[in-house]
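Heads up, the next two complexes both have subunit A, just with different partners, subunit B and then subunit C.
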Partner chain A sequence: MTTLRIGMTRMRVMTSKELMQLLRDTVLIIFTIYAFTFDIYWAGSGVSLSLNNAALMVFDGDSSYASRELTSRFREPYFRHVGSLSHSRDTNDVLDKGEAMVTLDIPEGFEQSLLRGEQSTVQMQVDSTNTVLGLLASSYGQQIVGRYGLEVAMKQQGLSADGGISGPILDDRHRVWFNPNQEDSWFMSIAELLTIITVFSMMLPAAAMVREKERGTIEQLLVSPLSAFQVMFSKVLAMTLVIVLLTSISLFLVIGGLFGVPFKGSPWLFLGLSTLYVFTTSGLGLVIATFSRNMAQAGMLIILLIAPMIFLSGAWTPPEAMPTVMRWLMMVSPLHYFIDAGYGVLLKGATFTTLAPQISGMCVLGGLNFALGLWRFRRQFA
Partner chain B sequence: MNLYRIQAVISKEWREIVRDRLFLTLAFVVPAMLMLLFGYGLSLDVEDIPFAIVDHDNTQLSRDYASRYTSSRYFDFKGYSQDESLLSKKLSTNELRAYIVIPENFEKNLMAGKPAAVQSILDGTFPARAATSKGYITAINTAYSSELLASYLSKAKGVSAEIAAEALAPVSVSVRYLYNQSLLSTWSIAPKLIMVILMVSPPFLTALGVVREKERGSIYNIYASTVSRAEFLIGKITPYVLMSVVNAIILWVLATFLFGAPFKGDFLFFLLATCIYVMCTTGIGLVISVLVETQVAAMVVTAIATVVPAALYSGVLVPIPSLSGQAQIIAHALPAMYYTNILTGTFLKGTGMADLWQDVLILTLYAAGLFLVGYSLFSKRPRS
Partner chain C sequence: MTATVQMSEAKASASLAVSARGFSKRYGKDTAVNRIDLDIHKGEIYGLIGPDGAGKSSFMKAVAGVLSFEEGTLQVFDTQVDSEASAELIKQRIGFMPQGLGLNMYPDLSVEENIDFFARLRLVPEKELTSRKHRLLGMTRLEAFRDRPMKNLSGGMKQKLGLVCTLIHEPELIILDEPTTGVDPVSRRDFWSILARLLREQGITALVSTAYMDEATRFQRAALMYQGKVLAEGEPDVIGNLAQGTMITIDVDSQADALQTLSRQFEQIEAVGSRLRIWVDEADAMLAEQQLRDALAGFTIQHLECDTPGLEDVFVAKLRQEGNVVADLPAFEAGNNDKTGVAIEAHELSKRFDDFTAVDKISFTVPKGEIFGLLGANGAGKTTAIKMLTGIQLPTRGEGQVAGANMSTAAQLIKQRIGYMSQAFSLYLDLSVSENINLFAGVYGLDSKMRRERSAWIIELADLQGYEKELAGSLPMGLRQRLALGCALVHKPQILFLDEPTSGVDPLGRRRFWEILFNLARVQNVTILATTHYMSEAEHCDHLALMYAGRIVADDTPDNMKAAVTAEAGGLLEVSVDKPIVAVGVLEESQYKGAALFGRQIHLWAPDDQTNRSRITSLLADAGISVLGMQARTLSMEDVFVYRVLQQEQAREKNAA
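Let's look at the complex of A and B:
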């Protein structure tokens, strides 16, 4: 009993030492607070992954009622008119310069051939340097033109008097769940929070460890009565406290408060999951710390792990579109589980039981990381 | 400015880098590894969407309609089901991303010349993915609708199906994809990865290199020496700039030869622009290193100032025109966006100085500005 109490006291002292050291680094603290508030706010309020405002330039060779009607249908949010072209040969030029992403070329005699009931062709040139956007722009364009053509045809064929579409067609009804209005801010603010948590929970404990090694103060810790586990655990505990505190501020003030993300599940469960995730990722940071002798080495190793984790764990790249090898590789990324769990709780109302696979995934990874870190640490110093 | 003293600082820094074997290896291995991982893994294409179908009609027509989805390469068919509540549960556990409900009387209504409603339920957690899936579904539905209409018209008017189909589509679109005709995702991603990686790795190298001296106290040797501020900073960052340029060339080789991205522009122009860009990102590291006192802070600040913007505000994942408000301002205030223009220009479009001089000029000014800021903030007479 007393040994336990003494152990707790020692860890409390060690944890408060770590906290003090962290809080005295003013620049670091300012940046940490910035990252958990403004950075997330800006990412959520301004960033959208969808195709919006694709710059469109039109060469209208017909200048008729029909051609103007068709061009006016290329409108926001997908397209944005940035100008007209006076010659159709200018199209390549504006695309080369990046002034437009899409050009639309309506030939002379467009309206005439429509009235005669002949088929006419409009040209669309799409800058496909970004393939996803190129594909989206062309599919939106084709839909707009197809719909216009159908309305014209409906009138001509006498199927409908007012150009409305009727007859045996499919009435396309979409319902989007979990984010009915497809607010990018919901997705982005959560994605950014997860990124920030990852960055801090990997870097702070790793740095706290490497710093002791680099300065030689680790020797003092080794001769202290604390065990290797107590040293490591206290460091992680201090960082976890800070990160989870800031996460809750960001969760309630920015994500819930400013962006109005409805917490379908319990925000406390989310914070609990965050704590688990911070522990797991910190373990990874500690492993890195045992492999590096100075901060520069640790920094490069952290980048090597953190960048693929952030980009490939599933928030940006759909896992089903990734090659199988990469998908397997991402199974060892704790962020992969936290993305499913985090979005699950906040948007889909997932509970502790439905998230059992993700939680156990993180626990296993965290346990392995700590065990490996501890083993290496003992071997190096004890 | 004394060249001899600059050279002395360079050789001191270089020796320090070379003697740290692990660091030296990592400085070259990390960028190449990131290129490989991202090149194979990072894809924004939405494909193989796991989905299911609820067919309440179960007629020949409804199965024919369903086959449009099951045979599409964009959808990964997980089976028919009658139990919508089970499917909605699977939607929340990520087993499905979408399901489609075909109502009763689907065939009857369509055969009678009346519209039939089909419902698609999508997982909106990732809005961009939901929007793309919705686009696919709409495209399939539109195509199917026009076939139905054409056969209806041909029966009503007694003309052949082809004539009816032509009459219903008086306007056709011919789409030409420029620069990446076959829409290969790696062609568009690989060049931009050079930008992302060069945004992340040089600032880390530089920031840690300078702050290390501060934290260890060895910077007092510099304070007390005859080396001037500018000489010290130039000497300090030159090795890192050179290493990053070498990395840039390695990345270029990987992008063109391994990932097969076409390089249509002028290599010398690319190299020039890349050197300037590397100076910009090294400059970011320099400014950070002057501002902070500890390596922990250097590392965290660099990560927040580079990794996050490289992902969000550079045009690799998120198109610049889709940004709004402050995000546009941030994007324009960072060097990444301009270098992305240069990369897509030199790789895919084959444009050069004539079209891209503005971007190069901005990057040059940016690099000069960063160096000036670093120079004016760095002091050989520390206050504390």
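Let's look at the complex of A and C:
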């Protein structure tokens, strides 16, 4: 009984010590709060993966009704006219200079050809430096031009009176689920939150441990009757508390409040999952701390680890689209399970039972991480 | 008339390297240096002596032209240092070595690359660089290590390399900020003799600071600084007259009781091993002795000896006379008086790191209630030995008993019974005083009643009343270190391990610290194992073990160690001469061993007999030096340390050859 009491006292004083130290590290605490609030806001409001106001320049060599009609169909929110070109040869130039992202070149005699019922061509050039946007711009352009061509053809064949189409044609009616307005801020803010949780659940415990190593206080703990587990676990416990608290602030104020993401599932389940996840990842932070001599080294190791973790998480690319090796590697990235579960709860309304595979995955990885950290710690200091 | 005065003033300033008048330096609200006046003559070794925070570094940086100051004037050579531009003018004539072991050099560059870097920075012509490098490396005996990366040098070698880098552009004035701090006594002596030789051969001026009071005799003139002020200035003897008194060392039955009785009348008193050292405010030795004997009526005094006080004693006396009162220690509850058992027993402990043996089969026994000192140079294996005994590191081989439990099988039990304090870094600086205490009370599983009791005791012990809410990092070193000691004692350990506990602490703080240790050992029967760099502190120990290259090479009481060295070397002879800097060079070349310069005196190993006296007199007379006096000296612990370590080094060199 007394052993238990002493054990509890030890955990209590060690955990509150970690919290006090963190709270007094002004720089770190400001950085942490910034990351969980403003950073997520910037990510949600600033980053967009859809085509918005792509700069368009047109060389209209025809200056006819048809050419103007086609040009006017490239409209906002996807495209924005930023100017006209007086020579066809200028099109490459404005792309090079970055003045336009898309150029449209309509040749002389465009309308004449259409009226004669002959085939006519227009040229569209796209700056595809950003592959996603390039792809979107060219496919939207293709759709606009194709649809215009179809309408003109139908009209000429007499199949359509008012520009609408009536004929043996498929009408595609799709439904968008989970994010009906396809708002990037929903996806981006949650993705950023999950990333931030990952970064800090490695960084805070690593910082706490490295600080003890740098100042030499770790020796004082090692000669005390504390076990290695108690030293490590108290750090994990304190940092988990802080991160989960900040996560809930971020979740309710920024994601729910500012971006209006409707929580389909229980936000409490999400916080529960976050707790489990922070726990599992902090083990990794402690492993890093055993390899580093100072905070700079720990920081660099964390950056080194975080990049592949994000790539392999499935946040940007679904597993099916990855090479087989990568898909196997994804199985060991804890962020992969967390992303699945996180989006599942918040956007799709997943419940505890539906997430059983992800939760068990996180448990297994977390246990391994913590065991590895403990083993490294014991090895380094004994 | 006026012209003559001007003439003599001009002459005086021409012979001055540095002249400061009313010099003050402030950092925000804190005054680091408070209106000091100093003159440093060309060609002398001028010392700034004082504990941390005395203002030594600030003054030196200002002289080196790297720190601005608020008040007063500072003249370096013939330039008034009052602006960035004027500071630039003198920089070429100055060499500055900042504080810290090798902090201004590049750890990954080799010895030679470091020197080349500093030389090229100073635009030393390549041809001259080669010859200067050769000469300086020869003098500092670093020639063999040209290609070794700086980080792999020992502390003493790093400081010598620092000196070479400082001298490579042949400055007229070198400024060395605590070059011997953190360096073991052997390397420290070596450093001083090299410095003396450089000054002798090149005629440069040196401004050197030190926190070791006993190094005062290394300077021709010095200033004793404390809290930004100069307490005394001049030749070491003059500084020694700062406070008048006599130091009496006694051997008395029931030492702890005698200490208590005496401390009612005498404020400055310390226990040194089995003896007591008492400062009596009476310069006349006869009268002083009588005062003491009267105070000790009823006690049996085995032995009594009167000394002229050392500078540290004088310094402490001066501070005391100026009203720096030290609070009384709290009561120590008496421990069980069982002095018979064994507290620590090490049997052939060894620790290997890859292919390097840090500790090589050490065996020793520490009885309960003893203060045991572990001495040795940097890297001798002291810290590793302590780490094995406290369970931070596992021994590669060997075994031991600590606090009645086996090291390898009952580590957890040992941890509950021992306290550990390392180099004053063992506190959480971002936690407050009471938070630190509560943390360690919790870690050792104290219940709340116990915790309150021990907290109050620690606060009193460390003299921290009113500081409970202060962050540990904001405390001065002395208080911080006593708080660390208190935290190590929170669970009333049977054994206390201390790893260089007093580095960076001023003499007053160190005294109180040892006073606490004495009470712990004598009253509470706590066994203490400590390592230290301060040889004056080694004298406080009941028993010493001297480590060299991972082995224990001497293991005895301080007195027996001194006796053994005296028997082997014949004794220590102090020679006073008129030209000490030249004389030490002559004697270094002679058959006499260990010639070292202490102010105007030279110490060397030789029995005090007629043969030696006449031989030394004629040796020096041949070089045009007259001997003013010669006498045998009692050995200090530092003499013993240097003698033993050099003996080991020579044996090793012989084996290697």
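Criterion: the second predicted complex is superposed on the first by the 379 of 382 C-alpha atoms of A that agree within 3 Å, B and C clash if a C-alpha of one lies under 4 Å from a C-alpha of the other, contacts with A are read in each partner's own complex, and residues count from 1 in each chain.
By our rule, contacts are C-beta pairs under 8 Å (C-beta built on N, C-alpha and C of every residue); 3 or more make two chains touch, one makes a residue touch a chain.
The structure displayed is predicted, hence computed values, not measured ones.
Touch criterion met: A:Asp25 reaches subunit B and subunit C at once. Applying the stated contact rule after C-alpha superposition, one finds that A:Gln125 touches subunit B and leaves subunit C untouched. Between subunit B and subunit C, more residues of subunit A are touched by B. Touch criterion met: A:Lys17 reaches subunit C, while subunit B stays clear of it.
In the superposition on chain A, A:Trp375 contacts neither subunit B nor subunit C.
Contact with subunit B, but none with subunit C, is seen for A:Arg175 once the two complexes are overlaid on the shared chain.
Touched by subunit B in one complex and by subunit C in the other are residues 25 of subunit A. The residues of subunit C lying in touch with subunit A in their complex are 387, 390-394, 412, 415-416, 418, 420-423, 425-431, 435, 438-445, 471, 487, 497.
On the side of subunit A, the complex with subunit C involves touching residues 5-6, 9-10, 12-14, 17, 20-21, 24-25, 215-217, 219-226, 381-382.
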